Structure formats: C-alpha cells, structure tokens
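Here the chain labels run A, B and C in written order, and each chain numbers its own residues starting at 1.
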Amino acid sequence: MNSLEKSLINLADDLIKAEKNSSVKQKRMEALDCFAKQDFNYKSDNWLNAKIDVFLKRQYQTSIKEVSDIQAFSCEIDNIESNAAYLVNGNKLINNNKNLGLQLSNIVDVTETEASTFAAAAASEDDCLYSINTAAFTGGFFLNIPDNTVVELPLQLISVNNQQEDSFYNIRNLIKIGDNSQVKIIQCDDSVVDNYLFINNITEIFVGKNSHLDLYKMYNLSNSTAVVNSIFIEQKANSVVNTYNFELNAGLLRSKLVSKLIEQGAESYSFGIYLVDKQQYMSNLVDVEHLAPNCKSEQIFKGIVDDLARAVFNGKIVVHKDAQKTIASQVNRNILLSEKAKVNSKPYLEIYADDVKCSHGTTVGQLNEEALFYMQARGISVENARRLLLNAFIGEVIDKIHIEPIKVRMSDLVKKRLNGELSKCNNCIIRCSDAQLNDADDNCIE
Amino acid sequence: MLLQIKNLHVSIEGKEILKGLSLNVNRGEVHAIMGPNGTGKSTLASVIAGRDIFSIDGGEILYKNNDISGWSVDKRANEGIFLSFQYPVEIPGVSMVNFMKTAINEKRSYLGQDPIPMPEFMAKMEEKKQLVEMQAKLTNRSVNEGFSGGEKKKNEIFQMAMLEPELAILDETDSGLDIDALRVVSNGVNKLRSSNNAFIIITHYQRLLDYIVPDFVHVLYDGKIVKSGTKELALELEEKGYENFKK
Amino acid sequence: MDSSEDKLINELANEEYKFGFVTDVEADIAPKGLNEDIIRYISAKKEEPSWLLEFRLKAYRKWLTMKEPHWGHLDYPAIDYQNIIYYAAPKKKNLANLNDVDPELIKTFNKLGIPLEEQKKLSGVAVDAVFDSVSVKTTFQNTLSKHGVIFCSFSEAVRNYPELVKRYLSSVVPIGDNFFAALNSAVFSDGSFCYIPKGVRCPIELSTYFRINAANTGQFERTLIVADVGSYVSYMEGCTAPQRDENQLHAAIVEIVVMKDAEVKYSTVQNWYPGDKDGKGGIYNFVTKRGICKGNNAKLSWTQVETGSAKTWKYPGCILKGDNSVGEFYSVAVTNNYQQADTGTKMIHIGKNTKSTIISKGISCGHSDNSYRGLVHIGKQASDSRNYSQCDSLLFGDKCGAHTYPNVIAENNSSILEHEATTSKISEEQLFYCNQRGISTESAIGLIVNGYAKEVLSRLPMEFAVEARKLLSLSLEGSIG
C-alpha cells in the first residue's frame, strides 16, 4: 500500500466519522469497503489508464486545508455574462450570487432528501477512483434546479487550487434538474499555482422531463496536473443534453462521459476536441446507453495529436432490448502530426434491439495533401495552409457551441494553440516559470 | 368488373385519409385520378397494393369479384396488380436480372407454371427494354441503385411490361420527368394498353394526360372523389384549379 | 411486425441441418482426457519423429500455464478438457489406392458432395478429405506434383518433407499464442500441408474438407500453407459434423506463409453443426488462423462464410511484414437460434506502404449474438499504410444482438485508417417493393441478404460461391418476415 492510498483511507475514515448525513455516510462506508478490495493502481495492459499510475505514484497531501483568499477567476472567458461560483481547494464553496432561482450549495451540506440520488449513477465497483471519490470527497457543487425554471445566464462552476503543496482532490458534484427546466453550465478546473495536482472529479447529473442542459467542460491545465473527470448523466423523457469537452492541455487527462437515456424521446449530443502534444496523454471515454425507445444520440470527437503525445478514444453505444427506433451515431476523427504521435480508437456498438439505425466511424489520418498543395499554389505558405486546415478540422466542433463568448474564446485558444503561441516553454503551456520548467523536465513522465 | 372500390375508409396512426371513396374500373379502361397534394392519392395506390401500414376502417375492395382484404402483397401482385412507385426503393447488391427472374418465376409458380427458360427470359428482357428505350445493361446493375430519377421511372414501366399486369397503378409516374422521358414512359404505357387490362393513373398535373389519354378522370379531394368525368375534366381542372371542386 | 414473422421464425427453427448424419465406421479411439501420455499416444500412433513429440510436449506444458480466454461476447459452460477424446481415426489407413479406403467413408464424402473417386472428382479442385483425426484421401496429387506443388495430409508432410514442416510450423502462430493454439499444438492430429514452389501458379483450386464423425471427440487439425516467391494458390476449406446433443470442440490452427510477390487466397465455408433450435449441441469453433506476408508485395486474402457452429471464436489475421504487402478480410457471418459468433480479424501493419481491407457483414436472427471484433494496428515503421474497414450488421427480430468491437491503433503520421460501421434492419420499403412485384417475403429476404453479402460472396471461388449462396439462404430460410 503506498502512502497516498494510506492517507486517502485515513481521510475517508475521518470523513465517515464526521459525516452527519446518514445516507451519505452509508454510501461512504460502502465505497471505502469497495476501495479496500480494489487494487489502487492501473497496471492494466490497455492504453487508457497507462499513465494514471505515473501520477498516482507521487506524494500528495490529502487533508482539508483552510482556504486563504482567492483571486478572481473566470475560466479566462472574456465578455461572458454569467454567474460564477467557486470551489476552492476541493472543499470551500464561494457563492456570492443572489436570487438565482435555484439552490447552489456545497455537497457536504446537503440534507437527506436532497442527497436521495447521490451515488446512484456512479458505481464504486467499476473503478478504484470512483470508490475513493465516494468515500473521501471533501466538497463539490450541489445544484438543484426546480421544475419549470429557466436559468437565463450560464452558470460557471469553477474549481480552483491555490495551495502550494502538491495535492490530491476528490471532488463530487451533484446536479438535479427538474422537469421543463433549462440551464447552461460551464465547468472548469484550474490552479493559480504550479504544483502537482491530482484531481479526481465525479459529477452526477439527473435531468428531468423536457429539460434542456448544455454542459461545457474546459481543460486548460498545466503539465503537472492530472485530471480524472467522470460525468454521469441520466435523462428522462424528451430531455435534451448537449455536452462539450474542450481538452487543450493537461499532464494527464482521462475524461469519461456516461449518458443514460432512460425514458422515451431523450436526446444526447456530445462534442469533443482534444489537442494533444509534447508528452501529454489524453483519453476520452464516451458511453451512451439507450434504455428507452425513440431516443437519439450523437457523438463527434476530433483530435489533433502531435510530438510524442498519445490520444485514446473509447466509445461505446449500447442499445438495450427495449430501445426500439433508436438513432445513434458516433464519429471519432484524428489527425496525427508527428512521426511518434499515437492514437488508439475503439468505437464499440452493442445492439440488442432490431429496429435501430446505428453507425460509427473512426479515422486516423493526416492533413489532405491535395488541399495543402492547392493552397500553396494560391500563394499560401505551408504553415498557414496547415493552420487553416487544422482550424477547419476543429471548426466543425467549435461551430456547435451555443454560447458566443465561449465560441470566440475557444476558437481563439485553438488558433493560438495551433500557432504554438501558448507554448511559452518546452513542457508546459500556461503560466510556466523557468524554474518550474526545469522541474517539469526532471519529472517528465515517460 | 376488374376493380370495384366501395365506400372505402382508410386511416394511418389514427388519422383518417380516405373518407368513403368509391371507384369502378373495367378492363380496357384508363382512369386518371387527380387532386392536390395530401388528398390521399398515393394512399389509395398503396392500399390497393396491400401496404399494411394503413388500416382499413370501412368499405371494401373487390378485385375480379374477390374481396382482397386478406390477400398478401405478393398474392395481389401475382393476381395481376402492379404498382409503379412514386419513389422506387434501391436494393443494393440485387441485380435487376436476378430480381426480375425471381418475380416472374414466383408468379409462374403461383399460376402452376414451370420456371421461365433462361433464353426466353433474356429475350423478353431485351424486348421490353426496347419498349422504354432503356440503355442500361441490367445484368450488372442493382435494383434502382445509382439510377437517375428518370431511369427509375422507366425501370418501373419496364418491370410493368415484364410482369404483364391486369391492373396497373401508376403513382405520379410523371413527377420529375423531363419531356423526353415523359414521352418515352407514355409510349411504353400506350403500347401496353389492351382490352384485357386497365390502368389507374395518379397524377397531379394534366400534362401526362396529353400523352396517355384517359377514358375517365376523377378528382380526389379530402379523401373522396368529388367529381368524375371524361378527359375534358382534366383540362377544366388545369384551367380553373382545384379550388372549384372543393366540397 | 406481425405474426407471420413468428410463424416464419418457427419454420426456420425446424429447418433440418442437412449434414447431421453419423457414419458407422470402425475407429481407433484414444482414451478420454489429456495428459502427457495421451500426447505420446497420439505421436506414437502417427509414428512421429521425436522433434515433433517434443514440440507437442512443450506446447502442452505451456497450455497448462494458460487460461481459457473469456473476453469474447460468448457464453458457454466451462469446458471439461478431461472429458474429451483427443484422437479418433477410421481404422483403414489413407492409401493412394481408393480401393483401400473404407467404402463407408467414400459414401460419406459422396453424401457431402465431395466425391473422392477419380472419375467423379470435383472438376478443377483437389481435395484433402479429413475425417475425424486423419486425412482420408487427397485427390489430384499426380496433377499437382507435375507442377511441383506439394499438397498432402499433414502426417504425410511430416514423413516426406520434414525440413519444410520444421521450418514453418508455428512460425506464424507460436505455440503459446493463445490457449486454444497451445492446445492444438499439443494434440493436433492431422490436417493439410501445402507448398507452392517459386514462381508456380497452382493450376487448380486446393481444398480441405473436414468432417467430425466420432462422438465426444475434439477436432484439432492443423493447416500449413507456404507460398514461395512469386507463386499463387487459391485454397478452400469446408466442414460439417453430425447432429449431436453434446457440444464438441474444434480448435484448429491455420498458418500461412506468403513470400515475396506471392499471393494466397484462403476461403472458408464454415458449416459445423450449429446446435438445435433450443441451442442444444453444436460445435465450439475456437480457431486460430493467421498468415504472414513475409516478403515485399505479398498478398493474403481471407474470405469466410460462417453459418455453422454453436460458438465461434475466430479472427483470421494478416501480418503485413513485407513492404507493399496486402491483407484482406471478407466475411459473412450468420447466426440464428442460440448461436453466438465472435469473429473478425487482425491486421498488423509492419512493412511500409502496406494495405488492408476489411469487409464484414453480420446477420443476426433468433436469439443469437453476432459480434465483429477487429484489430488494426499500424506500427511506427509502417509508413504510408492504409486500412479501410467496413462492418455492417443486419438484425432480424428483437431477440438477437449485433455488436461491433473495432480496435484501431495508429503509430505513425503518414498512414490513413478508416473504419465505418452500420447496424440496421431490412427496410420495410424494400420488402414491400419486392412483395409488390410478386416476390414472397421469404424470397425477398433471400434476395436482399444475398445482395447485402454480395461483396463478400463475389470473392469466393466459383465452386464455393454456389454452395455459399445456398447455405446462406438455407440458414435464413423462414427465419424472418
């Protein structure tokens, strides 16, 4: 048992003792039992988890620390009109908004009834990081949107670290959306200091009948940050959920999205981009479960992989027995820019109903040589032509964004990223000092 | 009488489309059914052919004096009912030759005849192709796959010629055809007209009736035939529009 | 859909497996179970050289350390490996003179449509007929030897061409490759061996016909094909088994070595007994098939029509080592009743400018599960390589499953990889159109399914294509509406 595992178990023990909510306490205990039986490592042969171990072997502090003052922070989206709430260092909620017409609080403060669906979607048995999250989460957003509520402004849920020590966070969010409601949520994690972080984040979302949810998730983190983010969504009849995943940078990123369409007419659309370079490692898992008839789902994930980086896409559409008239499609497209970049794509279809239209496609390739040549023949330099084509490749996903400032911000970031402007130093693209650069080099993974 | 439709009521998913339609067709006759979009023209064609997505709520269809409500689609076809589809479906990988041979032999087997000898079949294919001026080599083409709109319609008439039906229903066969194709298709139909068969021509425009001259013209409106007459009625319709025939 | 579908499904379920008879023939049968003594018994029966016995024992010891794989989308009770007979042979030996072959066997193969008599032989096809554990007769050997082509039973090859066998045996499928490959390497009884010399275009189709007859026996044959530089051969494989209530294990290995500029086409029509309508009995078809394109410009093409077996676990693969080499996989897999098939391919691109094509057509009916599982790996060195995969599934009825598990790995930036898959049912519009032309629903489905599978069927040699089409219609007959 390594010291991280030991300290996480100690933390969970303390949290269980202190837990006042009996149903949550029960869930924590079950999860801890489960965790004790699981191996706390990912030495599996699949690519997916290959680098999690590297990060898990580090030393992190896990105890809850008092929060000092925090800098204003808004996921660096300019001109966005939104209401923002912060979770600092995984435990302290700062919410200065008033009259939102909804309930926003720290998950550790929820009542018995509010916690009724807690841990209903994320099963501890599936993964040791799920079980330890349930057992030892220190905080997170609890969002409760009543029936018939339209939340006009996007809601930004920002998780920030300002601790100097290397830290391991278990953050747990629970979002309940009633019937006929509508909300846009922008989620991001960030750190105002550059130390090693391991963020283990689970979000459970329950969407009521006829409700609409847009969920934007942005990752623009330093190379010393590992994020394992898992989102579980359950959708009732005729609800529509759009999720957007923008993966610009992180030392390690495993993003998992599980959508369950449990009632008729639910629709789920997921879009993702990942730009991976240097020695980064990003993986996307998208799992869509069609459990009811007449539902629709679509996933488009596009990635550009450069240098020594690796990208993994594991998609799975499961159409259960009663889910007749399902329409589902999944697309994963990859461009490899360097000789040593690698991509692994597994788009699975499991189908048990006969009246369905399902398709998936995956491609790995390069920029279209003919298009490049054509552009050069029109006097455009190779570099610019490449950039234009890459922008166009990603553009299909950017165009799906419904919030204008995010669209602007993302296309700007993507452009900069593709121009190399964000690479201030070799190993890290944001707020990287020389000292930290050296440090990062020494600790370079793989 | 070849076909006798009495007070037919048809609905789909609870929505009533035909609301008491009656029609009599004798051998040797050509009937044109005209009417604006959405009045039930194509429904009528599909129901005669036996499409089971519609429910028959009342009335009856007598074909050669039989109530055919219990007949399967293929039985009706083998008894001589042919439908030229408005939108012929593509069947990838199934060659036209194989398709036609199967269709002809199933009919022959239904009639207690031996399968058609291959040379006779190939000669017949050639002959009927001429009839609709089909250029395509049918041996290696899949049913309707990669056919242009005009080719698809010609292909329908070609199949009609091959199968020699007693009652042929042409569902908007003229839609999407240029004047040359229209002429070819009409010529084909005219050559197939005889005292032993009958045609129901469903169309939106009078144009087709310049080439295939009908014995009777019916105006279908809101699920019922609101007026019947001779070919002059079609001209009147063209001139005055459907508005005058409402109620 | 309506009750006519149920009616048709019932009709199909009652469709007889036409090859389910048993031949009464005197047989040499090893005691049940597996241990080193049994392996020595098999080796001694076959009068094998000591190196081959050592090979078997090594494989057996490896096998003991391995676990049966269960990652497939297959569900079957644990196999008791000690309850299987590993060797059964008709008593009379394979001899050049047909008069020495047991007349019962000749009758059997006649019944299967594989005449062994010289005058009745399938025109243009040389057949190696394997009955239970041994090869009964190889036809056309004289014609072939004129061209220098070696085509004989595996046992004969061990006796007559030990150097060739030694050089290539397990060179593509190592003994420890997987659980079933290790088992086969330990106990394989017979099979076919084929060598096409440099520059020779094999003048006729070669074919192996496998027949399981004895009860409680496993069939573990091994096929080794070597196509030397610049040669060509088209090879076909067929198989049937009697109808029995218990499951029988078939764990074969096919290894193919394709040298520079050579081409091998390997076609399979797999029609092992699939079990009855309630899923009782049937063959467990757990096979390892792999070929290597060793030299530049080599080409290996797998075509399979899978309609039989209770459970299928099989992934014919190509290792594209030579530059510009080409690998192909064309498959139609039909599952009905309680059959389960987990099949697909592995394309391993190692050489530069290598190309692979995968066309897989799955058809699921009844309570069956039909899975495509494939790996395409384009390695670092395999620059400018290409893969195109297309995996389609058709579903009939709401009690079956169709699954697609592709795994795509790209490790260089000059290659292009494309994978597409669709799952659907036969469209109502197509059926209505056919019905309206007087074609019954049953014939219409036959037409549409054959059209759907055309891309694959058209790859089969003429002799096989007809059989495959019939089989496909038979497997589907009455299944759907």
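Simple rule for what comes next: contacts are C-beta pairs under 8 Å (C-beta built on N, C-alpha and C of every residue); 3 or more make two chains touch, one makes a residue touch a chain.
Note that this is a predicted model, so its numbers are computed, not measured.
Participant: Smallest number of touch links from chain A to reach chain B?
Facilitator: When the steps are counted carefully, the minimum from chain A to chain B is 2.
Participant: Comparing centres built from CA atoms, which chain ends up most distant from chain B?
Facilitator: A
Participant: Counting C-beta pairs in contact, does A-C beat B-C or the other way around?
Facilitator: Between A-C and B-C, the larger count of C-beta pairs in contact belongs to A-C.
Participant: Compute the distance, rounded to whole Å, between the mean C-alpha positions of chain A and chain B.
Facilitator: Computed from C-alpha means, the inter-chain centre distance equals 57 Å.
Participant: Starting from the mean Cα coordinates of chain A and chain C, work out the distance between those two points in Å.
Facilitator: Each chain's C-alpha centroid was found; their separation is 44 Å.
Participant: Measuring centre to centre with CA averages, how many angstrom lie between chain B and chain C?
Facilitator: From the centre of chain B to the centre of chain C is 48 Å.
Participant: Hunt down the residues of chain A that sit against at least two other chains at once, touch-wise.
Facilitator: There are none in chain A.
Participant: Enumerate the contact residues on chain B facing chain C in the complex.
Facilitator: Checking each residue of chain B against chain C gives 49-53, 72-74, 76-78, 82-83, 85, 88-89, 91-94, 98-99, 102-103, 106-107, 110, 142-143, 159, 163.
Participant: Contact residues on chain C for chain A in the complex?
Facilitator: Contacts found on chain C: 378, 380, 393, 395-398, 400-425.
Participant: Which chain A residues qualify as touching chain C in the complex?
Facilitator: Contacts found on chain A: 321, 324, 334, 336-366.
Participant: Help me check something: in the complex, which residues belonging to chain C touch chain B?
Facilitator: For chain C paired with chain B, touching residues are 2, 427-430, 432-441, 443, 447-448, 450-455.
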